[in-house]
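There are two complexes below, and they share chain A, which is joined by chain B in the first and by chain C in the second.
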Partner chain A sequence: MLGSLPEALSILFSLQGISVLLLGTTLGIVMGALPGIGSTVAVAMILPFTLTMEQAPAIMLLIAIYAGSVYGGSVSAILINTPGTPQSAATCLDGYPMAQRGEAGKALGWSTVASVCGGLASALLLIFAAPQLAAFALNFGPIETFSLVLLGLTCIVSVSEGSLVKGLLAGMLGLFLSTVGGDPITGEARFTFGYFPLISGFNLLAVVIGVFALSEVLTRVSQKIDSTRALVTFSGIVLPRLSEWKGRVGNLIKSVAIGCGIGVLPGTGAATAAFISYAEAKRSSPRASEFGKGEPDGLVASEAANNAVTGGALIPTMALGIPGDAVTAVMLATLTLHGVSPGVRLMTDNPVLIAAIFTGFLIINLLLLPLGMLVSKIAAPLLRMRESFMLAAIAILCVIGVYFVRGNPFDLLIMVCAGIVGFLLRRQGFPMPPLVIGMVLGPTLEISLRQGLIITDGSFAAFFTGHPIALFLIVAAAGMLSLPLIRFLRARRLKSA
Partner chain B sequence: MNKIFGSACVAMSLVCAVGALGTAYADEFPQRPINLVAPFNAGGGTDLLLRGFAPHFAAALDGDAYVSNMAGGSGTVGAAALAQQKPDGYQLGYWSITVSTIQPQIKDVPYDVDSWTPICSVAASPTLLFVNADSPFTSMDDVVAAVNEEPGKYLFGSSGPGAMTHLTTVAAFEGLGIMDKMKHLPFQGSGPALQAMAAGTIQFFGDTEILMTKGDFRPLMVFNDTRLESFPDVPTAAEAGIEAPLDELYLWGGLFAPAGLDAAVAEKLSSACETAVNSEGFQEFAAKTNTVIDFKNAGEFETFFRAQYEANAMIIDAAGL
Partner chain C sequence: MRAYPRLANMNIAGSLIERSWLSLLLLIAGCALFASTLNASYADLGGAFSPVFFPRIILAGWIVLAIMSLFADILSTNRQGGEQWLTVAIISISLFAYIELMPVVGFFLSSTVFAIVVLLSTGQRKAIDIGLFAVLVPGTLLILFNHVLTMPLPVSPFVWWL
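And now, the complex of A and B:
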């Protein structure tokens, strides 16, 4: 691959190459920031425009949109508590409280630096270790995936603000919601009560936008609105000073590693990575008690992880020619349209193209910093809008975003119901992140468990024998669960001694 | 003012008169842009094909056509919505074999075989049964012997229950009489299933040639009436000992309108579809995307569609869906 680097660089540093990278990344950030237009929709929207372009610029444009949109999702999560995509849901947890405290610029600064670090690290991994990591990812069968998701579910404990019982209940509700619709193994319609529109289940994005954004709008409206003030004060990104990074670098590195690792594996994705990384940061951080109240560590954890997933997800796509998720599937379709047949021989048959893609991906992640600052500078005046107008605008954006994704009017009904239910539950002190975690992980948990049981002929005990990775993950999950108990017991013993 | 009102009245009564006469309606068709419904998300295979097809279809009709997506429930949400529309020819859907013939027979959906006026078929690709390139199996005889030797050991995958990939494997193993000695492992999409195949979690998978050539896989048989030019050594399912109707399976798709569309309009749409399919632009698009074009006009497609609906009932039964 290194041999074709000069030719690849000449593609990238042409007028077309540079403009594609700049334009794609900017567009991606803007689209990611708009609620509803997640990475998949953004990439699919741009696809028709790439048909007249050449191979390398076309795929570069899509990758720029992809990386930009994952970062952009954090902007609206922090500023208006509206995750542009489910993978930014964890960013809301500490980003929005920071913004409410008047530190919106700083919050965006942390998330930008964390995103760039996550993206860059995953780009390096993609360049140097793609074939090896793709081969490793193949060790992850249904049983391993099940164990990983089980570990992910323990995050519910970390993100349950206030009452653990209420958090667990919200998590169960999320898991239950994810079972409505087609059964993944038999295809039968479940829990639809004969009502046809429920056959496609509860759309994740509609629920996420409902419980985060719409319920926030309702909460605000129910309180007294000071109609002359703006919702958040924001005048541009403030980058964290070097001294502020003290004691946070370890967290950053760990979060990047979690993101890269989960990105490479099939069937999980950025939302899972962000939550697992957030939970791990909270477990190990000396400032754990500040989490959820606007702690930069929480922001760094979720943003570094979800951007690290982008490079990770490209690894199986490029090395095996098999898409890991919907976004990479669209990218492979683009390659096909441009006469490149994706597959196991993709990297060896098209060294120049691959070198251009990989180095381009590195440059895109470097561009996130200046372009992110530029976009938020331009967006800042918009946020000075009066709070009442801002809330109305958020509600409208939610509606457009949710309808746009699938064109299914039923999703709007789901979003409105989720908004109202979320509003009522939040008033009663039920945290919403566990509900989202339940819905994100539910489908993977179910299908991997049932696939595993088909493989082992219904024996759950067989999950533990002959699957060392799975065993390790399950033990880790058990450890995460019992840690608070151990701490509690030790504290009591110290007290009595 | 009165003059304008008067001419508006004349125009409106004219429109009504035109509407009353079916043939006149067909002559004037299309007056408005035609909506082509893709029942899956933007960016998927169906969506891409339809977006490549729409401009040529619009040109052939001398009108406008646009693609809209309505996804969910394995394509049934879009199909159910269209089935309830007025059959005026302005709302068409692109359904695959699964959306139109499989889903309504395995799920309780508000449409069935009589809900449509078939317009034309656009594409059809035969499916193949394949194994990993490093698999010990080189023929179906090997497979039958191995499965009979160790029942319950081997797994076949699919991209989901009732998907084309599922029907292919069911047709293969039911046709050879070893279905109940094997296990089925459904995945969410072909991507994860092919990864599991490469990892050795599953041993068999069935899909079209486009998908198979993405990985290091070895085809064992093809569900076509003749051998494929690209794989002259791979036997057809019939040669491998599978009897009709399980020996031929095509992933096909075409345009449908809601039932009760005026025959003259259907005829007009069907011939526009033929012009579009044969247009240079679409042929080039199909070559690029490895789409196997298979045009059938309204009459042929209706017969084919109904025969497929019947034939697939048998596979669905064998699949236990």
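And now, the complex of A and C:
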């Protein structure tokens, strides 16, 4: 691939190449920041414009939109507690409390640097280890995927602020909501009670926006609003100083590794990576007690991981022809439309194209920093409005965001109901992140568990024998679950001594 | 309160209900949903093939945790209060009206009315500020989505450009 680099660079640094990278990344950030549009819709919207373009610029444009939108999702998550994309849901946990404290610029600074680091690391991984990682991903069958998702679910323990029982119950609620609709194996309708719109289940983004953003609007109006105060104080991104990184670099590296690792596995996704990374950061951070109250470590963990997924997700797509999620499936379609056959021979048959894509991906991640700063500088004056006005604007943006997911009025109804239920649950001390984690991981957990049991003739014990990766992950999940208990017992012993 | 024992008992009961009603509701809902999996006529495929195999595991966990949550609520001493329930009710109802009206009268008109209701109910009284916000924000979003991004929001049946 290195031999094709000069030719690839000449494509990238042509007028068309530079325009595509700049425009694509900027558009991606803006679209990602608008709730509901998200990476898949953004990439699908731009797809028709790429049909008349040449191979390399067309694919570069889509990758720029993809990487830009994943980063852009964090902007609205931090500023208005409305995740632009589901993968930014974990960013709300510490980003929004920072913004409420008057540190919105700093929160965006942390998220931008973490996003750039995550994206760059995954780009390097894409360049140097794509074939090897693609081969490793093939070792992941349903049993290994089930174990990985189980490990992901243990992060419910970490994000259950206040009451562990209520956190776990909220997680069960999320898992249950993911089962409503058509059964993934038999196709039979479950829990629809004859109501036809429920057959396609609850839309994830509608529930996420409802329980995070709309419930926050209702919580705010339930308290006395100061009609002269702005909801967020923001005048642009403030990058963290080098000294502030002390003790946080390890967390960044670990989060990037988690994001890249999960990104390589088809069907897991950036939201899973962000929550697993957040849980691991909380477990290992010396500032664990500050998580959920605006701790930069939490923000770094979720943003580094979800951006690291972008490069990782491209590995099975390019090297094996297996799309990891809806966005990479659209990209796979674009490659095919441009006469490129993804698969094991892609890299040897199209070395210049691959070199241009991989190098372009690296440049896009470098562009996130200046373009992110530019976009937020332009958007800053809009956010200085008084709290009542901001709450009305958030509610309108929530409605637009959910409307664009499928254009289905039923999703809007779900969002409003999720908002009201979320408000009541929060009021009674139920944390909302476990509900979202349950809903995100539920479908993969169910399908992998059932497929695994079908493969092993119903023997769950067989999950532990002959599947070393699964065994390792299950042991890790058990460790994560028992850790709070061990800490509790240790603290009790110290107290009594 | 010692002089009015009945009043004190009512107060304790009210506080108990206020703390635990949601856990109780979740317990009832969990039990009802679990019961529905026993009565429903799903294909009898058995084991992991069954459409209710996974939901039953989840609902069993739900019921156990709801019981634990109910006990935790009963034993808890926390009390909430001081919420502006009227404002919450107005905004919740206006949200339902907004999403019902949007496909009928279009995004612009429904958003304008919704914005006015939210601003008035949250204490804003300056007519110029309210009017400008209620027209400018939906108008800008309509232009952005319908004309720049070509992702059409519902338009009004009365005036095509709204």
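Definition applied: the second predicted complex is superposed on the first by the 493 of 497 C-alpha atoms of A that agree within 3 Å, B and C clash if a C-alpha of one lies under 4 Å from a C-alpha of the other, contacts with A are read in each partner's own complex, and residues count from 1 in each chain.
The criterion applied here is as follows: a residue touches a chain if its C-beta (ideal position, glycine included) is under 8 Å from a C-beta of that chain, and two chains touch if they have at least 3 such contacts.
Keep in mind that this is a model prediction, so the values were computed, not measured.
Undergrad: If you stack the two complexes on chain A, which partner ends up touching A:45: first (chain B), second (chain C), both, or neither?
TA: both
Undergrad: Looking at the overlay, what does A:172 touch: chain B (first), chain C (second), both, or neither?
TA: It touches chain C, and chain B stays clear.
Undergrad: Is A:412 touching the first partner chain B, the second partner chain C, both, or neither of them?
TA: In the superposition, A:412 touches chain C alone.
Undergrad: After superposition on the shared chain, which partner residues are touched by A:3: those of chain B (first), chain C (second), both, or neither?
TA: Neither: A:3 stays clear of chain B and chain C.
Undergrad: Using the touch definition from the top, say if A:425 reaches chain B (first), chain C (second), both or neither.
TA: second
Undergrad: Quick one: classify A:186 as touching chain B (first), chain C (second), both or neither.
TA: Both partners.
Undergrad: In the superposed arrangement, does A:218 touch chain B (first), chain C (second), both or neither?
TA: second
Undergrad: Examine A:454 and indicate which partner it touches, taking first as chain B and second as chain C; both and neither are also allowed.
TA: Both partners, chain B and chain C.
Undergrad: Once the two structures are fitted together, what part of chain A is touched by chain B and by chain C alike?
TA: Shared contact residues on chain A: 45, 183, 185-186, 188, 451, 454.
Undergrad: How about chain C: which of its residues touch chain A in the complex?
TA: 19, 22-23, 26, 33, 36, 42-43, 45, 47-49, 51-55, 58-59, 61-62, 65-66, 68-69, 72-73, 78, 80, 82-85, 87-88, 91-92, 95-96, 98-99, 102-103, 107, 111, 114-115, 118-119, 121-124, 129, 133, 137-138, 141, 145, 149, 151, 153
Undergrad: Within the complex, which stretch of chain B touches chain A?
TA: For chain B paired with chain A, touching residues are 41-45, 47-48, 51, 68-74, 76-77, 80, 106-110, 152, 155, 160-162, 183-189, 191-192, 194-196, 198-199, 201, 213-216, 288-290, 321.
Undergrad: Spell out the part of chain A that touches chain B in their complex, as residue ranges.
TA: Those in contact with chain B are residues 40-41, 43-45, 47-48, 137-142, 181-189, 194, 196-197, 199-201, 203, 266-267, 316, 320-326, 329-330, 333, 336-339, 341-344, 405-408, 410, 443, 447, 451, 454-455, 457.
Undergrad: Please give the residue numbers of chain A that touch chain C in the complex, ascending.
TA: 37, 45, 163, 165-166, 168-169, 172-173, 175-176, 179, 183, 185-186, 188, 190-191, 193, 214, 217-218, 221-225, 227, 385-389, 391-393, 395-397, 399-400, 403-404, 409, 412-413, 416, 419-420, 423-425, 427-430, 445-446, 449-451, 453-454, 458
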